[in-house]
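Scrolling down, you'll hit the structures one after another.
Shared chain: chain A. Partners: chain B in the first complex, chain C in the second.
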Partner chain A sequence: MQKSEMYVGWSTKEDVRKRGGSGGLVTSMLAAALEKKLVDAVVVLKKINEFEAVPIITSDVNEVLNSAGSLHSVPSNFAKLIANRNLKVALPAKGCDVRGIIEQGKRNAINLDNTFIVGLNCGGSMHPVVTREMLEVMYKLKPEDVHGEEIEKGKLIFETKDGKEHAITIDELEEKGYGRRESCRYCTIKVPNNSDIACGNWGVTGDLVGKATFVEINSEKGAKLLQNAIDAGYVQVQKPDEKGIAMRAKIKGVMEDLGKKWKGKVFVPIDNGRLEYFRKELEHCIDCGACKAVCPTCSCGDVSKCTEYHFRGDAYKMSMYHLVRFLHLADACIGCGQCSDVCPVDIPLTRLYRRFANPVQEQLKYEPGMDMRKPPYFEVKLNE
Partner chain B sequence: MSAEAAAAPAAAKTGGWEPKIVAFCCNWCSYGGADSAGMGRFQQPASTRIIRVMCSGRIDPLHVFNAFLEGADAVLVTGCHIGDCHYVNGNDKTKIKYKYLENVARELGIEKERLQLNWISASEGEKFANFIRDVTAQIKKLGPSPLKPEGVA
Partner chain C sequence: MSDTIYSTICPGCNFGCGLYIRENRALDVDFRKSSPANAGKLCRFGMSLPRFYKPIKSMVDGKETSIEDAAKEAAKRISAGKGSTAFLSFGNTTCEELLALRKASESYLCTGVNFEGLPKDTYQTLSVGIPYSEIENAKHIVLFIDPYEQYPLIVRRLISAKNKGAKITAVWWKDLALATENIRPEDVSKLQFTKDSLIIADFHPFSDVEQVKSVLSLAKNAGAKVTFLKPFANSTGAYIMSKDAKQKSLAQLVDDINKGTIKTLFCLESNPLELIPSEALGKLTNLIVQTGQAPDTKANIVIAHEPLYKKKGTLINNEGRAQALGGAGTNGLDALGIVAGTKFDFNSLHESVKKALGVAAIDEFTIPKYERPAYGAIQAAPKQPEAKTALVSVFNPFMWSNLSDDNDFVELSLNTVRALKLLKGGMLMIKSNGSAIEKRFKVAPVPDNVLLSCRKFGIEKGTITPVEISR
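Showing the complex of A and B:
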């Protein structure tokens, strides 16, 4: 097995295969890595209900196997969780998690050689509070009755406990302001080729649909991870057919184009009154600092420039905290949307940060988290 | 907007209002340039407050933001010409920092006249004086900075 090879695989454990999102390959791969001592710990989401889950670092194989199944309405980011812990760890990661982990790696908070990143194809995740509201308003369902969810062919399908399926197209939901989180709509990283191994259900054909996962190996670590799982008897793989590979590329292209379209829609240039716009958006800020605490690319710790030079008593027209954050995120923002999710006064922070990040990252041709390039801010000379 | 801030552009038209300009000068070149401007008796408006730093590479974007938030109408970042830095490549790093700073300031809605970068050597007294004169004229036309706190002239 080596880089850029593709496979279709599934778990050999019946139970995991049934519960897992598409064949339970990722769960089994993580469990195998833990059991064969390839890693010391695995990060998984411990499910509370359909809308809540806590990320945990575990060394218990059963706990990993129990976590099988996908959750679309728990927008977590694992990068900060494993930072500064010096763990030998394997973890599943969406595109934005991978980018966060790589950025933390650049800032010496994560040792990337010891981190096995299992990338997951991601078309977007949903905010749990918004999802509950959407279920009541759009689907006319009680959130408590929902048993499972699935995204298929542009439709968001909820399954209730009585076995019925309720489907509405994502376009329709997003028109009404529900559906995916805003940052997911304009995200263009749908297949995480920056991870060690990219997994997802796109490209699975025939009678394997829904029962297998399509994997693409992106690095030696990824090959090691998959080979280990096969040797341990947790996973079975076969070569994908041409049709599947083409289908995967097509879905990827369609999703990325959709992301670009959304980008144009969200970031309409403001000609006049930009300062007023930013001041208005930030006027409810209560200085809790949650946006910095969750930011997967920030590795400053508690004592940092943005907090240390900011005093409410200064009564500046704009808080120094936000100005420093705007500057720092100009080349670091990966657009994961964590800051908007945690903001207690619902400031659309990701949208604000991206306004600064988009032009800078375009000018410097630098995409944070996509390669190991040093952030241009720390270069000695400007490459023009 | 406060009464003072609203009144200021009107005062600017009548010529009564003097802008407050903060100029960061590096010790080896542009501060010397400011010195030789004085020695050469080149006339320049008394609108600048010069802050001497050892190298323009020391100027953190934070300093510039702070100047604006404290009431500066314009901030000038000046240093040695590229290649002449006393510390070999300090001003190359200034260039990088300024690129970020410029983009953030632009996106924030701060006019481009309010934040300027210029390389001035120790012998270019006239250039320094002209630069200050030009910037003062531009800012007089623009009026006070939108980031100026209330109650600061």
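Showing the complex of A and C:
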């Protein structure tokens, strides 16, 4: 097995196949890594209910096999969870998780040689509270009656306990303010080729639809992880057909184009009153520091420039905390949306950070979290 | 290796914010985005919880001991005191423990607030607030609080209401950014209330009874809705669970300690130094504190049970939403049993809690149905501060918990800065009752005769303290 090879695979364990998404390959690959001591620990989601799961670090193979798989309404980011813990670890990761992990690696908070990143194709995630409201308002369903969910052909489908499926197009949901988180809509990392191995259901064809995972090996570590799972008897694979490979590439292209369109829609240029726009958006800030604490690319700790230059007793019209963070994130923001998720006064922080990051990262031709390249120096140009 | 994670509720106030506490090398806070009260979002206090949960050990007269022996010694001293013991809990613990405390307390129970001074038919209105979704759908909101400092998670609900077209009037000492109209407390009589108005105030041990009556009266006369926010994790639960119990106010408790009729004070998950003057505490023969995190007061007996996040039990938030704590610990209940000379069974207390709420199971996504009885006409005579300059203490989670915060300054007006010729980066001298302190200052949209502070400086006399200021 080597880099760039593609396979279609599934778990050999029937219960994992049933419970895990798309044949349970990821769950089994993680369990095998633990069982065969390729890693000391694995990160999985422990399911609480259909709309809640909590990420845990575990060395218990059974806990991995009984984990939740992936849930669209659990928008967590695992990078900070494993930072500064010196673990030999394997973990599933959406594109933004992978980018966070790589950025922590650049900042020496994660040893990437000891980190096996299982990338998950991702079309976007949803906020659980918004999802519950969406079920009641748009689907006319009680959240308690929901048994499972799936995204297929542009539709968000919920399965209820009576076995019925309820589908609405994502476009319609997003038009009404539901559906994916804003940052997911304009994200263009749909297949995480920055991970060690990229997994997802796009490209699975024929009888295997819904029962298998399409994988692409991106690194030696990725090959080792999959081979280990096969050798341990946890996973079976076969070569994908040409139709599947083409289909996967097509879906990836369509999703990326959609992300670009959303980017244009969200980031309408502000020609005048740019300073007033930022001041207004930040006027309700209560200085909780949650945006920094949750940021998967920040590794400064408690003592950092953004906090040390800022004092609540200062009467600046825009706090130094935010100004320093705008500057720091211009070349570091990965657009994961975590800061907006946790902001207690609903400041659309990711949108604000991206307003600085988009032009800077485009000008520098530098996308953080995509590889180990360090950010180039940037210069400030003053308009004459 | 496996992470230990607790799904819990923030003890900062009664908003009911869900979160995870992760026990690794140290405590970590993690965001529980599915929580209906806060969608996983936390304020500055919630983010500071690893500092709040300071480990604690059981002690008797300064000597470390087991929780059982500390509780046995407490029982012995309470029994020897023959009716001179008061039992105090502001509501920072589970309904199950509060029911047990009520049974243990016999004749002297104090939840801190002054229900005795208020009409009985307002008890339910004061105890249980309205759902936050009703705040988001209100047409006119009148604030008698500073939402940013006191109950920060309500800010997003207010912004949501404003985005839907609500008018927000702040009756406060400072102009609030989210308000469409800012008026000062002394001008409240000029304000027009209608049946579409929703009044948001708060109710706590330092609430001025006449001020509370005034708010109730304004709502009554206009047919407006009124909701009271509260500062302790389970204030609402404490009031519901002690609904028909005879309760003493904090002022009465302090009086009784000063008179010497109360010689032993038993505090359950409540830091007495926060609310009771240290001179009064010094008069006690025995101060017994049962708690889950280190108190900043010297108690004769410390009964150290699990911190709140490890407990099993029920909390009820401002909306009346019942929330189950995700821990399994009941050693607080066991200790209370030893103190009371009985054995408390969690399951039967839990059944009583469900019965009191009229629910078959604790479900955080469904708010139980509460009666919201109308109350009669109320006469109120709120007093305005007469001092030339007043220091207004804005009580917030950090102050209630005596947790340090980055708020060591006062806010004052630009006119005051100019009149006193204060210099940027300089200090303001504040004098009160013979004490003097120097503080940093921040210019803010406040009246010229007001200093606002979100921290206790040690010179305060309640919410409003007359002071003299100079450069």
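Keep this in mind: the second predicted complex is superposed on the first by the 374 of 384 C-alpha atoms of A that agree within 3 Å, B and C clash if a C-alpha of one lies under 4 Å from a C-alpha of the other, contacts with A are read in each partner's own complex, and residues count from 1 in each chain.
By our rule, contacts are C-beta pairs under 8 Å (C-beta built on N, C-alpha and C of every residue); 3 or more make two chains touch, one makes a residue touch a chain.
Model, not experiment: these values are computed from the prediction.
Enquirer: Taking chain A as the common reference, can chain B and chain C both be placed on it without clashing, or not? Answer clash or fit.
Expert: Once both complexes are aligned on chain A, chain B and chain C fit side by side.
Enquirer: Look at A:355 in the shared chain and tell me whether it touches chain B only, chain C only, both, or neither; answer first, second, both or neither.
Expert: A:355 contacts chain B only, not chain C.
Enquirer: For A:365 in the superposed arrangement: first (chain B), second (chain C), both or neither?
Expert: Touch partners of A:365: none, neither chain B nor chain C.
Enquirer: Looking at the overlay, what does A:59 touch: chain B (first), chain C (second), both, or neither?
Expert: Once the two structures are laid over each other on A, A:59 reaches chain C alone.
Enquirer: For A:343, select first, second, both or neither according to whether it touches chain B, chain C, the two together, or no partner.
Expert: It touches chain C, and chain B stays clear.
Enquirer: Check whether A:315 is in contact with chain B, with chain C, with both or with neither, and answer first, second, both or neither.
Expert: Once the two structures are laid over each other on A, A:315 reaches both partners.
Enquirer: Would you sort A:37 into first (chain B), second (chain C), both or neither based on which partner it touches?
Expert: So A:37 meets neither chain B nor chain C here.
Enquirer: Determine, for the superposed model, which of the two partners chain B and chain C contacts more residues of chain A.
Expert: Tallying touched residues of chain A, the top partner is C.
Enquirer: According to the stated criteria, A:143 is in contact with first (chain B), second (chain C), both, or neither; which is it?
Expert: After superposing on A, A:143 lies in contact with chain C but is clear of chain B.
Enquirer: In the overlay, answer first, second, both or neither for which of chain B and chain C A:382 touches.
Expert: The answer is first: A:382 touches chain B but not chain C.
Enquirer: Just to confirm the geometry: in the superposition, how small does the C-alpha gap between chain B and chain C get, in angstrom?
Expert: Distance of closest C-alpha approach: 8 Å.
Enquirer: Determine where on chain A the residues touched by chain B overlap those touched by chain C, and list them.
Expert: Shared contact residues on chain A (touching chain B in one complex, chain C in the other): 314-315.
Enquirer: What residues of chain C sit close enough to touch chain A in their complex?
Expert: Listed in rising order, the residues are 1-3, 5, 7, 20, 24, 29-36, 38-44, 46-47, 148-149, 152-153, 155-156, 159-160, 177-178, 365, 406-409, 440-444.
Enquirer: List the residues on chain A that touch chain C in their complex, please.
Expert: Touch residues, chain A against chain C: 40-41, 46, 48-49, 51-52, 54, 56-60, 63, 73-76, 85, 127-129, 132, 143-144, 283-284, 286-290, 293-294, 311-315, 341-346.
Enquirer: Could you please specify the touching residues of chain A with respect to chain B in the complex?
Expert: Counting only chain A, the residues touching chain B are 270, 273-278, 305, 309, 314-318, 320, 323-324, 326-327, 330-331, 355-356, 359-360, 363-364, 376-377, 379-382.
Enquirer: Write out the stretch or stretches of chain B touching chain A in their complex.
Expert: The touching residues are 61-62, 65-66, 69-70, 89, 92-93, 95-97, 99-101, 103-104, 107-110, 146-149.
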